[in-house]
Amino acid sequence: MAYIVVQILNALSFSVLLLLTGLGLSLVLSLMNFVNLTHGSFFLLGSYIGVQWMASGAPWWMAFPAAFVLTGLVGALLDRYPFRQFYPRTHLMQVLLTYGLSVVFADLMRWGFGADTLSPMLPDLLQGVVFVMGFPFPVYRLFLIATGGSLALVLWWAIEHTLWGAAIRACVIDRGIVETLGINTRRLLTVGVVLAAALGGLGGALGAGMLSAYPGLDEEVLLLALLVVVVGGLGSFTGTVLSALLIGFVTTFARMWLPEFANFLTLGMMALVLMVCPNGLLGRETRQL
Amino acid sequence: MTSRAWISATGVDTAPGRRAGGWRWLCLAALLCGVLAVFGDDYQLRFAAEILLVGTAVMSLNVLVGFAGLVSLGHGAVFGAAAYGAAIASQHWGSDLLLMLPVGVLCGMALAALMALVSYRSSGLFFLVLTLVVGQMAWEVVFRWREVTGGADGLRGYPALTVAGLPASHPLALFALALALAVASGWALRTFVRAPVGHAVQGMRDQPLRMRALGFHLGRLRLQTFLVTGAVAGAAGSIYPFVNQYIGPNAVHWSMSATLVIMSVLGGIATLAGGFVGAALYLVAQTQLSSWTDRWQLLIGMLFVLTVIFVPHGIVPALRRRFTS
Amino acid sequence: MMPVLQVAAVQKSFAAVPVLRSIDLEVRAGEALGLIGPNGAGKTTLFNIMSGFVSPDAGQVRLDGRDITRVTPESRARLGVVRTFQKSLVFPTMTVRGNVAMAVRASASTGNQWWRAARAMRQADEQAQALVEAGGLASRADTLAAGLSYGEQRTLDLLIALAQRPRLLLLDEPTAGLSEAESHRLLELIATHHADIALVLVSHDIDVVFRVCGRIAVMDLGVLIANDTPQAIRADARVIAAYLGMPAPWVQGAGS
Amino acid sequence: MTHRFAARRRSVLLAGAGLAASTAWPGLTRASGEPIRIALLTSLSGPFSGLGESMRAGLQLLLAQSNQEMGGRPIQLLVEDDQGKPDEAVRKVRKLVGQDKADIILGVISAAVALAIRDIVTESRTLTFIANAAANALAREAASPYIFRTTKTSWMLAHPAALWVHENVATRGGITLASDYAAGREYVADFEDTYRQQGGTLGKQFWTPLGTTDFAPLLMNVAALKPEFIYAFFPGADAVRFLKQMQDFRLRDSIRLIGPGALFDQEDVIPAVGAAALGGFNAFHQSPGAPASQAFVQAYQQARQRLPGEASTAGYATGQVIRSGIEAVGGDLSRKEAFKAALLAEPVATAFGPMRFDPRNNQAILDIYLNEVKPGPDGKPLNTVIKTYPGVQDPGPGNARP
């Protein structure tokens, strides 16, 4: 019993980790319809910032806002050039542009941060354990579940229940109509991209304690994030959350019972979901007629 | 998101028609191949053969992406599965081209057909991710079925290629075979895209709904396209392990598929010749830049970014426009 | 004479909201049926059921007496059920002639060929050229469809449908957004071709419906409230009421 | 000309922060004749890039100490990045051989890469030194007369580890836990073989996919089993995550952890995991605490402000082997047979320890250290030798596992 409870907590923390990788991408891809493959780079940049910040001796908790702001800044620069010209372009062009940029960033980060695997020096507070029915469970994972969960909640509220969120969602469907409401859609898209980059960075800083930071993490995270968001269905933030939970639980329990086939089972599950729901878990059926 | 939005907005004219001056490029290519065959050393010939084989796979991907609007991230797996199929078969039944080719073609078509069936109802980004997932499942099989595929280490040391019993492992012979395959595949794909079915495939890309109203079965069209492109990629894949003298799981990995897509876009998605131009540019840059600077990945990345900003339709259409106007 | 199209007791609900409640309709060869009604009346759904893109919850669709309720839209197209769409759906990267030729090949069952390609293409091109000329687009035959004006695209849209050699032609708003002259030319094109085919026309342009159709069916809230000659429809009290107290569009004599 | 320029510029660039660029230049003026082209094939991008950079730094250090010359001839260093991908490596090796006319190739982090390039360098008869990759096959059925391996095989680490565990830890109640790919399978299978031969019985075996991010589900299973010890192997970032998560779940204190040295690599893993590495045991041919490597450790620390791990030591030691070969033939690399004979004739003193080569397969015979990770003089975790297994020799050809 205790074993299962702890495994559920593990599944939950892994789901939140997946969610953290997917948050920003969900915003740009699913709500703004912009395929941003530099997302993995933002995540890794955030991880590096988090690691460096915690190593510098500054207050540890400031690492998260720092990662948020700094990667957001990079996002703002990118939005100015060259993302802006590419919002109306086809996905294929966006893919090539952002993939190229992600290769450039990967190299720049390897240059700047070195090639070694780095782990954040977490404060003692986060290194502790609590006992869950006799099993030790890391405080850090609870922290991850709490912060990731509340972050998702805030974002969900912002997107589904505020005017800004409504405007962003409407913007994807029809820019013209949003313009007539007197909203500057270009600024709106900028806000979306910057926020997505910042969220990617924040996710990286939070996740570094579990994933560490090293060259190549950007690509791994990108793949995970892409799968989470697409399986969840475009245009729905709830779908992303649901899909992160589904993938997190399937992976965790597959690793528990059939560790050798964990990857295969997870992939198979995703293929199945996309075969049964061709528009993702909560994707709206695109009306053709 | 219909597949149309993926492609059509590039404004690429894929309407097949006679283009003036096409033969001039063909002559140039023939001249280049001739010079290589006469003056090229072993290394250059083998490298050229590799470019031709990868280029053939990219050319088939161009039909899938550019003509049918199906942006697949699983084409590398199709190519790689065929390569593995041939390499494994050669260990049991010898490595004659007359056997390798059908084995590769069948492997390629089988995996392509599986992708077509799995992605039957998908389009756009979902199609992309589904093909990626199926490709990754193939990778898992290759990576973990160590007794047969060699696992992470891949396969090497299989017999050298022969053609009807004659040895064909010399780089010049490999180059000639790759060239022959490239020409034959080019001809086959050109026939395909110019035939009624090729037009139907383009119609499916641009107006899937209208095509249904015209009585075309989109699933069948998609399956046909997958089979044809899978066969071509499979044929290229069947020779690849003998040119490279090695085949490993990376050839099936999604990053290989992504590389093929990038080559495709570099050359021009809606052209057949673009496949070779893209493959050549990418492979030459990848191999040569790294001798010059540690920051070669940065340069490669910049190459993609600059291409998409300045020649968004790819190099071949850009050249064509420049030399016809 | 057996009707070409019979719709019998067709019902359809979306998410438990009834959209069509038992619709019966017939169209004969040479006959033109206009389908009108306010927004949300269920015209589009009925239209989609006829062409097979939506399947009904209950009831039957018959073509020349044969039950085709469960036949896919692709197969219906091969049986001669031809439709257009509200938006014009032409192939932007092909020439005008190529657009029409695609439909010619589809109806000649050579559309999926990739053997004897040259012959199939040439034959289709010849037939397509004739249709393009009949449709008044001869000068644009080699233009890419993306380069056509809106009116020309609408015409091409219709030419594609005609090239399919329809037995039953379902036209969805064929004249929407066209100028007077353009829509006039389009209607003539329809008139010259519908001699022995059954025609169903959905339109908001009441003028067009009254001009072209020998019979008009009026729908409101999923129910067929009238199905009669244009003269009778003009006088039908229920029809006027259906347009909710507003003066029915034809009362003032001109369309909106 | 262009290549020479590029390589010269790189030597300057890459000599490392602690080395004055000027040391590269006098070498070229003093040595005479055509330079010997030595090509380093290593991973400078992708997941192994940390190891790749260390290897290059180690080799650079040796070249700087040798004044960029060996056997009286200047050395021109070419560096190629294989991205850790065999396909890429095959292409790069062909280029090094066919276009750059490299005299000697060395490096290679990944076992898959080492096997992939085996036929190509053998066909072109290029002297090749595998400095890091451990695949057993290369010392057995895939041994090549042109390939020297200046490092361990999987067996050479797993075998002594099993002996030591059986003798000092437990004869039963242990489990294995490893990345599910060629290297992991080899380490575990070889460990299991020896351990069984000694009469031990081994419990459950767990495999996780390469690139596993979350080990927690597995660690729960491990915790439930309460094993006597774990024999584990994970490469690079997987090792870091595994050790950290072991620590997170408080399993490091209660279960003894033994692995091949890569699990506790001094340079690649320990700085990233810190205290979580303490108390770990590993069998390795490299140890910063080994007497033979002291001179190198000091020079390396001065150059890069860090302790060397396997890859950097391998770069340096392989350079030492190549230098001794080149000196034996007086810089005349056309005398390949003499070069090989010299290496086979007597041991080379390297930073790993004395290195002899097995004439059957050109495989190094090495001292294997049993390291324990203990707090070093500065309090940081340090691999400390607690036992040495001298002259461990791979079973070699004919002893391949069925």
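Per-chain numbering from 1; labels A, B, C and D assigned in written order.
The rule is short, and it goes like this: a contact is a pair of C-beta atoms (placed from the backbone, for glycine too) under 8 Å apart; a residue touches a chain by one contact, two chains touch by 3 or more.
It should be emphasised that the depicted structure is a prediction, and the values quoted were computed from it without experimental measurement.
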{"item": "Third chains touching both chain D and chain A", "value": "B"}
{"item": "Contact-graph distance - origin chain C, target chain D", "value": "2"}
{"item": "Of all other chains, the one whose Cα centre sits farthest from chain D", "value": "C"}
{"item": "Rounded Å distance between chain A and chain C, as computed from the means of their C-alpha atoms", "value": "47"}
{"item": "Intercentroid distance (Cα basis), chain D paired with chain B, Å", "value": "37"}
{"item": "Geometric centre distance via CA averages, chain C-chain B, whole Å", "value": "42"}
{"item": "Whole-Å gap between the CA centroids of chain A and chain B", "value": "32"}
{"item": "Where chain C touches two or more other chains at once, by residue number", "value": "53, 85"}
{"item": "Multi-chain contact sites of chain B, meaning residues that touch two or more partners", "value": "144, 209, 297"}
{"item": "Residues of chain A touching at least two other chains", "value": "106-107, 260, 263, 289"}
{"item": "Complex contact set, residues of chain C against chain B", "value": "51, 53, 73-78, 82-85, 89-95, 98, 101-103, 105-107, 110-115, 117, 120-121, 124, 144, 146, 160, 164"}
{"item": "Chain C contact footprint on chain B (complex, rising order)", "value": "8, 11-15, 191-192, 194-200, 202-203, 206-207, 209-210, 212-217, 220-221, 224"}
{"item": "Residues on chain B engaged by chain D in the complex (per definition of touch)", "value": "41-44, 46-47, 50, 143-144, 146, 151-154, 156-157, 244-246, 248, 250-251, 283, 286-288, 290-292, 294, 296-297"}
{"item": "Touch list for chain B against partner chain A, complex", "value": "1-2, 5-7, 9-10, 65, 71, 118, 120-126, 129-130, 133-134, 136-137, 140-141, 144, 208-209, 254-255, 258, 261-262, 265, 269, 295, 297-298, 300-305, 307-309, 312"}
{"item": "Parts of chain D lying in touch with chain A, wherever the complex brings them together", "value": "44-47, 49-50, 52-53, 180, 206-209, 211-214, 216-218, 220-221, 223-224, 236-237, 240-241, 244-245, 248-250, 267-269, 271-274"}
